[in-house]
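Following this line, the structures themselves.
Next, two complexes with subunit A in common: one pairs it with subunit B, the other with subunit C.
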Partner chain A sequence: MKEKLHQIKLKYRGKKMAPAFNAIHTFLYSPNETTHSGSHVRSADDLKRTMNTVILALVPCLLFGMFNAGYQHYSAINGFPAEFSLFEHFLTWDNFWLGAITVLPIVVVSYGVGLAIEFIFAVIKGHEVEEGYLVTGMLVPLIVPVDTPLWMLAVAVAFGVVIGKEVFGGTGMNILNPALTIRAFLFFAYPTWMSGDQVWVHGAVERTGTADAISGETVLGYLAQGSTEFAYSLSDMFYGFIPGSVGETSTLLILLGGLFLVFSKIASWRIMLSAVIGSLAMGLIFNGIVAAEWIPVYSKFYGLMSFEYWQHLLVGGLAFGIVFMATDPVTGSQTNRGKWIYGFLIGFMSVMIRVFNPGYPEGVFLAILLMNVFAPTIDHYVVRGNIKRRMKRLKTATIHPKVTDGAEALKTETV
Partner chain B sequence: MALLSKKDANLILDPLADNNPITIQVLGICSALAITAELKASLVMAISVIFVLGVGNVVISLMRNVIPSKIRIIVQLIVVATLVIIVDQVLKAFAYELSKTLSVFVGLIITNCIIMGRFEAFALGNGPWKSFLDGIGNALGYGVILIIVGFFRELLGSGTLFGIPVLGDPIAKTGLYATGYENNGFMIIPPAALIVVGIIIWVQRSRNKALIEEA
Partner chain C sequence: MSKDIRIKKGLNINLIGAAEQTTSKAVLSNVYALNLDDFHGITPKMLLKQGAEVKAGEPLFYNKSKENMLFVSPVSGELVEIVRGARRKILTLKILADKTQEYVEHQKLDIAGADAESIKAFLLESGGWPFIKQRPYDIIADPEATPKAIFISGYTTAPLAANADYVLDGKETELQAAITALVKLTPGQVHVSVGKSNTSPLEKLDGITLHKVSGPHPAGLVGTQINKIDPINKGEVIWTVSPQDLIILGELLLTGRFNAERTIALAGSIVKDPKYYTTKIGTEISTFLYASGVSQDKFRLINGDVLTGSKTNPEGHLGFYNNTVTAIPEGDDYEFFGWNKPVFNKISSTRALTFSWMQPNKKYDLDTNTNGEHRAFVVTGRYEDVFPLDIYPLQLLKACMVKDLDEMEQLGLYEVAPEDFSLTEFICISKQPHQQIIREGLDLLHQEIG
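Moving on to the complex of A and B:
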């Protein structure tokens, strides 16, 4: 089989459909090409492995999302269990089955449409298919509500991949995170399907107006309406037994995925840490405003402003965004100092958008997209600052040449 | 015999495609973003600009030898402001609803870069007939893009064309809406126009490689 594929590849080399074939080939087997000149030191950490590691970190979130989709659906119908037991109420086949038949079609559409566009563009441009969509295709199902109509998803994926990525030159050249571009498109194009209390529970939209009507508002949705009377405890928020987009609810599993990415050195811990600090800082400022009684209780911002600062990390997509979206190596900052600034501002603005714009109960995707745009600027000034500092060091440096003719070489070393 | 000589015909045809004011020179973008959510508004805007630019170019061309070059911008502004006020008053008198939709953007035709650009670049150096053709041509090029953008934005964003529902009734769920189709709210907001114009530029340049600038 392997040999046969290698032969087919040779036969089709230079043909129009060659990139499409090569993509499948290299996905299944490692290619048989060898370099003939230059260095032969190779790392196993190619783009494909990077992508697979991220997908691996996302799988727990996806599985949890399937169970949660079922749990939210049945609980909305039958009432939430009084004595919650993980195995009796959550990890059940009923829950998983319902989750699987609602979530898997989203995954299939996301990958199907996205990869189809990648293949078409690779054939038109005559370059190899890049692996960039593997992660995007997995992220998309996790950040949309469970009942998103599949055709809307298909339109959004097509838009996100073409306008968000391919027009800039494909994987590695994009300015904006494609998964978030898709999310933003869905949000602005079909707002009724992306917010409100009907979309987070499977079946709620169909049952609207009937005697069986069910609903499930997110924690942020409650807060934005100024209500703090939601039935979810802190541990529910942390473990993720709350309504929300498919894979974003479980802070615990996101944390585990994040640790996995940090220890496998795929994602930047600087961005994650500084984003957490940024969100805490903004949360503290808001808590401080409430404590100082600068805003009245009837203010429409009161509910979200008085929300305990660290709990912002447990609800909505903030944790998911910080771990899996902000750390995208293509669209984020590249310099270490830049990563601190970039991450901090993401956390800071996410909480700010959440509070000040109740029309958008979730601001994480907007904050990350905004900082994606500014990432190159941040890097530019970090690099400029570095050059300036080293120039200054050169000016003040005293050079003690051992031998006179070595002075020039020593001077360049000091820089 | 052709109605226009080849050279004169090019004055009109060139700005329609290969030297289009919006997609090639990237002028007049603000109004293209602001008023193209509806096809009707796009069409009225296009007609207004055709009138202002066509007549304005002739007036400037006739006066080109008597305008002191130091104050030519002021003279141009007076000419274009006069014409725009005429358009604005006509709209207010005969199409009040539409002039509400267009709001300040009729008045802002004064600052449309295409108009000042053609006055400066063409009308000041050419005779009235040529200037007239050039003005009509450039305004048509502007109008064509406006109408294309307006067509897609209204069709996808509201499901209507010239205000007439063409995809069925979104509330009663008839026509295409019966299948679960919904209007795309993104197309209503101005950033969508930027993306539609971008796609037009993309298509145009991939069809005509000569338009791509050296990197």
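Moving on to the complex of A and C:
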């Protein structure tokens, strides 16, 4: 098989379809390319391995999301179990089966549409198929509501990959995170579908208006309506037994994934840490406003503002965004100092947008997209700092004139 | 006076096949050759015709833009072939060596009494000048410039490279002569850096500013030391000499003879008996390679160390500046699911199912496989971990790629040589050719700004 594929590769070298074939070939076998100049040996990591590591970190979230899809659906119909037991109520085949038939199609559509576009672009432009979409394709199913219609998803993925990435030149060149571009497209193109209290639990939409109607309200949704009475305890929020987008609910598994990414040195701990600090800071400010009684209890912001500052990290997509989206190296800040600023502002803005935008009580994706746009500016100023240091040094430079310079100067003087 | 420099950022690449510290004499080569690619940025003008008889130390060609800069023959014999490439560019000069070597005898120089001009003139005429390189641009030094300092790194950190302490051993007289001359060429200091071990013959020399360097590669690269000791600003010039070339310079000054003899390390996992050889510049590599033996037929032979050397073959010749020849396995094979399997036998700067971080002292047998395909820059923050210079490596590389002269200048291109980017190239996840990018950037800047 190895030999056969090698023969085919040689045969199609330079042909139009070569990138498509090579993409599959390099998926099976890491290529036989050797170094030509410069460093004759290279380290073991490549982009595929990097992307694969992120996917590994996402798998627990996906699996949990499948179980949770079923759990939320059945609990909404039958009521939440009084005595919750992980194995009896959550990790059941019923839950998994329902999760599988609702979530897996989203995964298939996301990868199918996205990779198809990547292949088409690679063949047209004659470059290799790059690995960026491997992660994007995995992120997309995890950040959309479980009942997102597949055709909407397909349209959004096509938009996100083409406008968000390929028009800029493909992986490594994009300004906005493609997964969040897809999410933003869904939200702004189909706002009535993508927000509200129905779409978060499977079956809630189609039951609306019938006698069997169930609620699919998220914690943030309750808070935005000024209600602090919901059935979810803090541990529910931490472990993730709450409604929400497929993969964003379990703060525990996101935390583990984040630790794995930091340990494997794939994602930036600076961005993660500073984003957490940023969100806590904004949360504390809002708590302070409430404590100082600057806003009345009947204010429409009261519910979210009075929400305990650190609990912001447990609900909605904040944790997921910080760990998996803000750390995207292409669209984030590229300098280490810039990463601190970038991360902090993401956390800060996320909570701010969340509180001040009760129509859609989730600000993470907007905050990250906004900071994506500002990341080059942050980097610019960080790099300027380095340049300034160099310019300062220049003032004390010891520049000796060339031997001939002196001679020429002398010549002109004598003439 | 001794100052300590501790480098924290970096990565030691431990490879199998380090040269054992015993030296043999390599058999004499029939044909010696100068590879003109070694002299970057020089346009050669031949002084001799094919078939001419030369003595060792006799000029073969000069630099077209600096006519007094002469390049000499390492041995005496007959100039048998001038190998030319496209557009008649001279690639290699081959000299068939005589049985008995005759040297051009230069007038000995009274080093202690000589001034800078006479030392320069002597080195230019006798062929010793090309050993002095300059930054910015990483080219042979411009004799008309006055450097603000001269740097010599006697600390070896590059993988499998010849250990400077060992090859310099017993050459104190020559080293001192060369240093005494170099001190006169700069109004500033001559910075010499050595390892912490106190075994370097360079330590006891007079007239130098000694620095003790410790830390992982690239602590031994002269660029790292310049950046930590006395960074280059726009308009400033720094000269560098590699320590093994000081021996040739010293002997030239003391005896008036250009003796191209050099102790080199033959290393790499392919070599059966890796050790040191005394041989001459331009010697055919097979003269010592097969004395040590190779364990397989297909391998990559490198003129230099694995990070900065150039590709060659057993019929190739020892480079003008190299004191290391490395042979490692070629890696032109496919690996099934190579991109997601856990990796135990390769070095990695991450921990993404790669386990080299668990055994930092383990020695590896790396081959020339790129371990992945060329991609656009994606990952950020990785280069900074192995790049101790106060420079933003990714931003500088991008500035070079888009040929933005202002950015290149401001981000510190004057301070670096391609070899400073060898380690970032090694760990690059996108498999970009960093050293080539920097080389092209330097050439462009040199051409535009001069």
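Definition applied: the second predicted complex is superposed on the first by the 385 of 415 C-alpha atoms of A that agree within 3 Å, B and C clash if a C-alpha of one lies under 4 Å from a C-alpha of the other, contacts with A are read in each partner's own complex, and residues count from 1 in each chain.
The working rule: a residue touches a chain if its C-beta (ideal position, glycine included) is under 8 Å from a C-beta of that chain, and two chains touch if they have at least 3 such contacts.
Just so you know, these numbers come straight off a predicted model, no measurement behind them.
Once chain A of one complex is fitted onto chain A of the other, the partner contacts of A:Ser37 are limited to subunit C, with no touch recorded for subunit B. Using the contact criterion defined above for the overlaid structures, shared-chain residue A:Leu394 touches subunit C, although it does not reach subunit B.
In the superposition on chain A, A:Gly132 makes contact with subunit C only, while subunit B stays out of contact range. By the touch criterion defined above, A:Thr53 lies against subunit C but remains apart from subunit B after alignment on the C-alpha atoms of chain A. With both structures placed on the common chain, the touch criterion links A:Gly172 to subunit C but leaves subunit B unconnected.
In the superposed model, A:Ser85 lies in contact with neither subunit B nor subunit C. A count of residues in subunit A touched by subunit B and by subunit C gives the higher number to C.
By the document's definition of touching, of the two partners only subunit C reaches A:Gln334; subunit B does not.
Listing the residues of subunit A that touch subunit C in their complex gives 2, 5-6, 26-50, 52-53, 128, 130-132, 169-173, 263-266, 268, 270, 329-330, 332-336, 339, 379, 383, 386-387, 389-391, 393-394, 397-404. Within the complex formed with subunit A, the residues of subunit B that make contact are 180-182, 184-187, 189, 195, 198, 202.
Within the complex formed with subunit B, the subunit A residues making contact are 149, 151-152, 155, 163, 167, 185, 188-193. Listing the residues of subunit C that touch subunit A in their complex gives 13, 15, 142-148, 159, 187-188, 231, 233-237, 300, 302, 306-311, 326, 328, 330-340, 343, 346-354, 356, 366-382, 384, 390-392, 394-395, 410-412, 418, 422, 425-431, 433-436.
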